[in-house]
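The chains carry the letters A, B and C, assigned in the order they are written, with residues numbered from 1 in each.
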Amino acid sequence: MSEVKRGYVRPLDIKNGRIDLSHGSGGRAMAQLIEELFAAAFDNEFLRQGNDGALLPVPTGGRMVMAVDAHVVSPLFFPGGDIGCLSVHGTINDVAVMGAKPLWLSASFILEEGFPLADLKRIVDSMAAAAKEAGVPIVTGDTKVVEQGKGDGVFITTTGVGIVPEGVNLSGDLAQPGDRILISGTLGDHGMAIMAERESLGFSAPIQSDTAALHGLIETLLTSGAKVRVLRDPTRGGLATTLNEIARQSKVGMMLQEKALPVNPEVAAACEFLGLDPLYVANEGKLVVIVAAEDEEKALAAMRAHPLGQRAVAVGSVHEDPHHFVQMTTAFGGKRIVDWLTGEQLPRIC
Amino acid sequence: MKYIDEFRDGDLARGLSAAIRQIADPARRYHFMEFCGGHTHAISRYGVSDLLPDNVRMIHGPGCPVCVLPIGRVDMAIRLALECGVILCTYGDTLRVPASDSLSLMKAKARGGDIRMVYSSADALKIAQANPDKQVVFFAIGFETTTPPTAVAIKQARALGLKNFSVLCCHVLTPSAISTILESPEVRQWGTVPLDGFIGPAHVSTIIGSRPYEFFAEEYRKPVVIAGFEPLDVMQAILMLVKQVNDGRAVVENEFSRAVTRDGNVKAQNLVAEVFELRRQFEWRGLNVVPYSGLRIRKEFADFDAEKRFPVAYVSVTDNKACECGAILRGVKKPQDCKIFGTVCTPENPVGSCMVSSEGACAAHYTYGRYKDFQ
Amino acid sequence: MCLALPCRIVAIDGENATIDVSGMKKDISLALMDDATVGDYVIVHVGYALTKLDPEEAEKTLALFAEMGEAALHEAAREIH
């Protein structure tokens, strides 16, 4: 019999292994999972400290932003992304729309007993790649395991911190009458990509999720000098929800031009088929910008120069309205309001 | 999208708007009812009313099968899921309809009912095949457009020898509803409905053809124009109706000629006749009991009738007293006339049938048009 | 009611077909129709084709819209002068 090397530790069976309760119990199995899977993928100087909390340098000047987001998307893997990169992009975006430079992320995983390690590795590698590309390391994390049936494979919660430099002031209550409303690209890609994957609806379309980290685009926009009042990323509930939120916060009304709304033809067709409205479908890589009217062209030019903003376009204006309605001139010529979403948008027969 | 986008063209809309304005007689008012919820939705969603002259008014009719589905029927579906343990397959539209005991199908799902949304009756069949040890019930709602797909599913279930598939049939008929609007005794209570004509349903008509409407045109001397679903179709139909009224004619015209013929889809009609028969009467939410307006499964296919297989009987449930849906469905009152519109009764918490579906008159006005109430 | 869409048939397999709308594809049933062929446009509701869309009639209808509209706009322009 050949000698077994001293100090040999049987590695995780990524190919066939599954999460079991021992991976969450705090013992050796969990330590191995963290070391061989998470730490190996996310590796950075802070993680290497190996403590319960990450020791981080305190930046001087400016104000700090902190944001948190939980990700429960199903299916876990979809065209254009997965729950892993989504969780990195989503929180980076929440920090960046405040005008902050995102600095660090934390990631907490709730894993379901029986979840395949191969899938977990795919997700973790995707997160690592997204974090690296964005230049925002994952500096601390946590893992828990729940019994089979009590979780949808995996839930990921990420928290992000960033610093807003002096002189930058963005907030949902700063929109003013006369401002222009811009959007960085096409609407509804993410939501419809997810719908297409849900086999119970049985349609296939070449739609990719638009999940992306927007801090680079935002930086380009802010350094252009355009007087930006509000930045938001229109995720759940779509553009309609985001605009209604801003209208309420800023106590203004809005008027959109339906003809200006950018929607990919496959997304429009899929929405039409299911009776959904692209205005309410989720996006994960788009930016809503409310900017002073005189800086509209400057802002658009800045965004269009960036890969994520090539289809940036103006879609409407802000005006006085004591009722804070978001209205729209339809492509047909008539008017309607774009109201708050009622419940969840469900495919309909009627 | 071909055959869709062209029928939404804003330039053509302006032209038709001018045409309507030109022939509408300024000395009179025109009231047209669009029967079908899909038309109500199109009118609201595209703001078609803004393109009509002030003396041409659209009245929203009861052609929304979700809106007219009585609470008692939804209760049956909920009981099937919660008490009989079936897999209840339903179209997305019904999930939020409020039923008795503060439940809805969605809330029943949260309580543990196995309630699944399907896009098609064929999907319900697949679920039955995939779950041979569970009973699967398909909650079949809809007008004549949606009935043939249910008929096909039942026949396929028989061909496959499925023992665990049945249908809760709540299909209703368009012509009976139109009669009720024009005829019912309650109309006398509210005064005659000032209706000058109807816009006939688009897709129902692809199935039943234009022939069934000839009766209304002749008997009640009201013109009917069958219109496609796109906003240009609606405007053209309004133009044709105004012309008929001006000329004193009352005939059936077909604007949706690209999909509707006089005879309709005979194959689909025969399939429906094979599997279903008329109920003597059926309760409609907001319109009360309407004779010969609903379908039930024939005894030859009783094996697939959920009402025969399970001990769930229909119990009538009355609507809230403050709800004005009955009058609104008949076109006698507007959503804004209802005391609880927009306050107690909203799309989030619908009290009556007109608010329940996005096509109901109240829901459509609230979601797309209520800004006008403040102008 | 009756959300239904004109879709192009791109493949037929017995009583089923695959339709396409601007790149979005779905499998549907042809059980309610006879004599559909690849390339036809059909109106699809809840996964079933209800009827064929007649391209000639569609063109005629659009032409009618344009004709009605132009005549009216001309008339309106005349009345202003």
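To be clear about the criterion, contacts are C-beta pairs under 8 Å (C-beta built on N, C-alpha and C of every residue); 3 or more make two chains touch, one makes a residue touch a chain.
All figures in this text were calculated on a predicted structure; none of them were measured in a lab.
A.B. asks: Minimal path length between chain B and chain C through chains that touch?
C.D. replies: Shortest path length, in steps: 1.
A.B. asks: If I average the Cα coordinates per chain and compare with the overall Cα mean, which chain comes out closest?
C.D. replies: Taking the mean of C-alpha atoms per chain, the most central one is B.
A.B. asks: Between A-C and A-B, which chain pair shares more contacting C-beta pairs?
C.D. replies: A-B is joined by more C-beta pairs in contact.
A.B. asks: How big is the gap, in whole Å, between where the Cα atoms of chain B centre and where those of chain C centre?
C.D. replies: Here chain B and chain C have centroids separated by 21 Å.
A.B. asks: On a C-alpha centroid basis, what's the spacing between chain A and chain C, in Å?
C.D. replies: Chain A and chain C have C-alpha centres separated by 37 Å.
A.B. asks: When the centre of a chain is set as the mean of its C-alpha atoms, what distance in Å lies between chain A and chain B?
C.D. replies: Chain centroid spacing, chain A to chain B, equals 38 Å.
A.B. asks: For chain B, jot down the residues that touch at least 2 other chains.
C.D. replies: 1, 4, 14, 37-38, 64-65, 91, 119, 123, 142, 146, 359
A.B. asks: Going by the touch rule set out above, which residues of chain A reach two or more other chains?
C.D. replies: 202, 265, 268-269, 272, 348-350
A.B. asks: Pull out every residue in chain C that's touching 2 or more other chains.
C.D. replies: As it turns out, chain C has residues touching two or more other chains at 1-3, 5, 21-22, 45-47.
A.B. asks: Provide the residue numbers of chain C that touch chain A in the complex, in ascending order.
C.D. replies: It is residues 1-3, 5, 21-27, 45-47 of chain C that touch chain A.
A.B. asks: Help me check something: in the complex, which residues belonging to chain B touch chain C?
C.D. replies: Result: residues 1-4, 6-7, 11-12, 14-16, 18-19, 21-22, 36-38, 63-65, 91, 119-123, 142-143, 145-146, 148-149, 152, 201-204, 206-207, 228-229, 232-233, 236, 239, 255, 257-260, 265, 267-268, 271, 359 of chain B touch chain C.
A.B. asks: Mind pulling up the chain B residues that touch chain A in the complex?
C.D. replies: Its residues touching chain A are 1, 4, 8, 10, 13-14, 17, 37-38, 44-51, 64-66, 91-93, 95-96, 116-119, 123, 142, 146, 231, 346-348, 357-359, 366-371, 374.
A.B. asks: Give every residue of chain C touching chain B within the complex, in rising order.
C.D. replies: 1-6, 8, 21-22, 29, 31-34, 41, 43, 45-48, 50-55, 57-58, 60-62, 64-66, 68-73, 75-76
A.B. asks: How about chain A: which of its residues touch chain C in the complex?
C.D. replies: 202-206, 265-266, 268-270, 272-273, 275, 348-350
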